[in-house]
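Please read through the structure below; I'll follow up with questions.
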Amino acid sequence: MSKILEQLADAGRRFDRHGWVLGTSGNFSVVLSREPLRLAITASGAFKGRLTRDQILEIDGSGAAANPAAGRPSAEARLHLEIVRSRGAGAVLHTHSMWSTLLSDRYAGTKGLAIEGYEMLKGLEGVSTHEHREWIPIVENDQDMSRLEGRIRDILFSQPLPHAFLLRRHGMYTWGETLSQAVRHVEIVEFLLEVVGRNEATSWQS
Amino acid sequence: MSKILEQLADAGRRFDRHGWVLGTSGNFSVVLSREPLRLAITASGAFKGRLTRDQILEIDGSGAAANPAAGRPSAEARLHLEIVRSRGAGAVLHTHSMWSTLLSDRYAGTKGLAIEGYEMLKGLEGVSTHEHREWIPIVENDQDMSRLEGRIRDILFSQPLPHAFLLRRHGMYTWGETLSQAVRHVEIVEFLLEVVGRNEATSWQS
Amino acid sequence: MSKILEQLADAGRRFDRHGWVLGTSGNFSVVLSREPLRLAITASGAFKGRLTRDQILEIDGSGAAANPAAGRPSAEARLHLEIVRSRGAGAVLHTHSMWSTLLSDRYAGTKGLAIEGYEMLKGLEGVSTHEHREWIPIVENDQDMSRLEGRIRDILFSQPLPHAFLLRRHGMYTWGETLSQAVRHVEIVEFLLEVVGRNEATSWQS
Amino acid sequence: MSKILEQLADAGRRFDRHGWVLGTSGNFSVVLSREPLRLAITASGAFKGRLTRDQILEIDGSGAAANPAAGRPSAEARLHLEIVRSRGAGAVLHTHSMWSTLLSDRYAGTKGLAIEGYEMLKGLEGVSTHEHREWIPIVENDQDMSRLEGRIRDILFSQPLPHAFLLRRHGMYTWGETLSQAVRHVEIVEFLLEVVGRNEATSWQS
């Protein structure tokens, strides 16, 4: 697990530099095995800019820690498991950035926002032209994880299949086949949200 | 004291990277003992991005330096002592950020601002749901430390108990049971202030 | 090639810190020889903040990789070759920044934007006074590289000769006699675009 | 001179991180001796984020390089000498930041801007209360250094004595008795300009 730790710590440092995981916000996971399902996931309350070995826990498909004495998995472990199962993801990343927070509220009424026409969209797996239209769904935030899990399950299969979604006034979830692809998706989506947000925020809009 | 120095220096480096302690602004303290009360506090005029051993001073409960030859404690030492006594804090952190400065002025008329509905609020000790409403009091700035101390004493016991307060056109104070908790509170409060500030500053407000 | 790798990696780290090459966006090239024409160019999908030796490929004047087994050159290799040939550049740099993306869309209707009167313009090769007027052309984005190449060829010879151009909703291209000059041009143009963008975005415009 | 080089390089790295000396913009100087007057000053075209020994030149009171073979001093050396003579400064720092550029244009009509009521003002040497009113003069930019020198001489003695001035659409100059004081002044003034700029740029202004 030392390679996975190193890669997760590296992602944490990058995101921390951008201010996307302030406080102890955000959580990351990587699939260790599919049969039986095992995830490495960041512990609750870990500071993501400096992840240490004891802050990465192993959980099974029910969300229970392989070694309960080692710490408490993130409360959002169930959302990670849902994404891994529904979409076959190999890694799931959740950030709490400025622009995902702002836009998740701004577009809550339409339950999502469309991003279209940007070259940067080609960084999303399977997208081959800037003429792509990406719909980023927004889900109401909830402290009841089973209710939140249900809402997310619906979103994950909406057509066209999304690469990411926002939790309202909370943050962004994205994933990838590999951790490296998921990291790329974080950077792409965060960039695009900032483009949309700054574009709207200016006074040049008529 | 070398562990405390290391932790304070680390906090200083982080805050400096975010531009929250420019110039030689800000000051930090940690409780060394309760009986008798002893604090480690940053010296006046220290640059927080690169704290050295001789820039951390020990003071007693009256604010006097244990070793006056070592340097002058921050002029705001009395505010730190007040927070330690009134709220039982183990560490007190004061930053001079962009958004705390802007919002401390913008909301001076209402003597504070409310932040409500954000998941990030759960990073504040004792808050377990995003449905929490945090009131951040704003106090008029003053060069008379005993007058300022009096104003802050009132604020510290206002209901519901605040996790932080702003000094007008000056900056932000927060605290925690431990230094690590206080650092988390700085990051959470700075994030939330920026969310509120950017949200208001955009032209999408009708 | 180890010195070139080191310089390209350094440029990548700098641009990454500014958020100008998020995801795996952007691409960089340096002329290795003129007769026959040989370029070192970043591989498709390379993360620019941490370039490694195997992510720098050698291509000939047709855009074909000297060693096809080593990886796929950036899809935009033809644009780099066009700039090297038309303008005699020794290095070409392409970034995907926030402000180039925003302004490339904002000024698409006028097919470019003028920047005039700033001291920073003197950082562009051959400019000796802030009274200079720099026209930055904007080209419609396209996935058809030969069509895009044609549009860019026209732009490269427009009078006065530009130091950079934007691809709409895509990013910025600039170049220099040397890699170090091209890096300087990136920083100058990005700064000036942000000045123009922030100036327009404020409410102080009447 | 190795200690001065180290301190100048450190200042350059800090300012570069904030984006205040992009391209090869900005220039720094330190007084080596008063009788006869000798300055260490950054060479023209040096990249400030990574200053090397050969990029720091020694000049005399006429602005001539002690060793002309070593490189060309910054074109603005005469402005540094003027500030050193008129105000007795021990170090002079010039940055090209976003907010100094924007505000130098915005307030050109009133030939300066006032900053008042901020605690951060106390970081300026000799200021002991936030109730201080700092007037930051703005001078029209000019490529004729002797004309620019004349304008600046007038500004340097205006009452109350300024801690800094702006060149229109160009950048900011500040100074201090020591390099460390001058660095602090850069950070204080840049912070205050950004506060004023962001405050004005928001839509909360009625």
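Letters A, B, C and D mark the chains in the order given here, with residues in each chain numbered from 1 onward.
In the analysis below, contacts are C-beta pairs under 8 Å (C-beta built on N, C-alpha and C of every residue); 3 or more make two chains touch, one makes a residue touch a chain.
On a predicted model such as this, the values are computed, not experimentally measured, just so you know.
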{"item": "Co-neighbours of subunit C and subunit A - touch as defined", "value": "none"}
{"item": "Chains contacting each of subunit A and subunit D, listed by label", "value": "B, C"}
{"item": "Fraction-based call for subunit D against subunit C, same above half, different below", "value": "different"}
{"item": "Rigid-body rotation angle, subunit B and subunit A, from Cα fit (steps of 5°)", "value": "90"}
{"item": "Mean-CA-position distance for subunit D and subunit B (Å)", "value": "31"}
{"item": "Subunit B and subunit C: spacing of chain centres that average the CA atoms, whole Å", "value": "43"}
{"item": "Contacts with 2+ other chains: residues of subunit D", "value": "17, 201-203"}
{"item": "Listing of all chain pairs that touch each other, if any do", "value": "A-B, A-C, B-D, C-D"}
{"item": "Of subunit A, residues touching subunit C in the complex", "value": "14, 17-18, 117-120, 123, 128-131, 184, 187-188, 190-191, 194-195, 198-199, 201-204"}
{"item": "Parts of subunit D lying in touch with subunit C, wherever the complex brings them together", "value": "17, 19, 22-25, 47, 49, 96, 98, 101-102, 105-106, 141, 143, 167, 169-171, 197, 200-203, 205"}
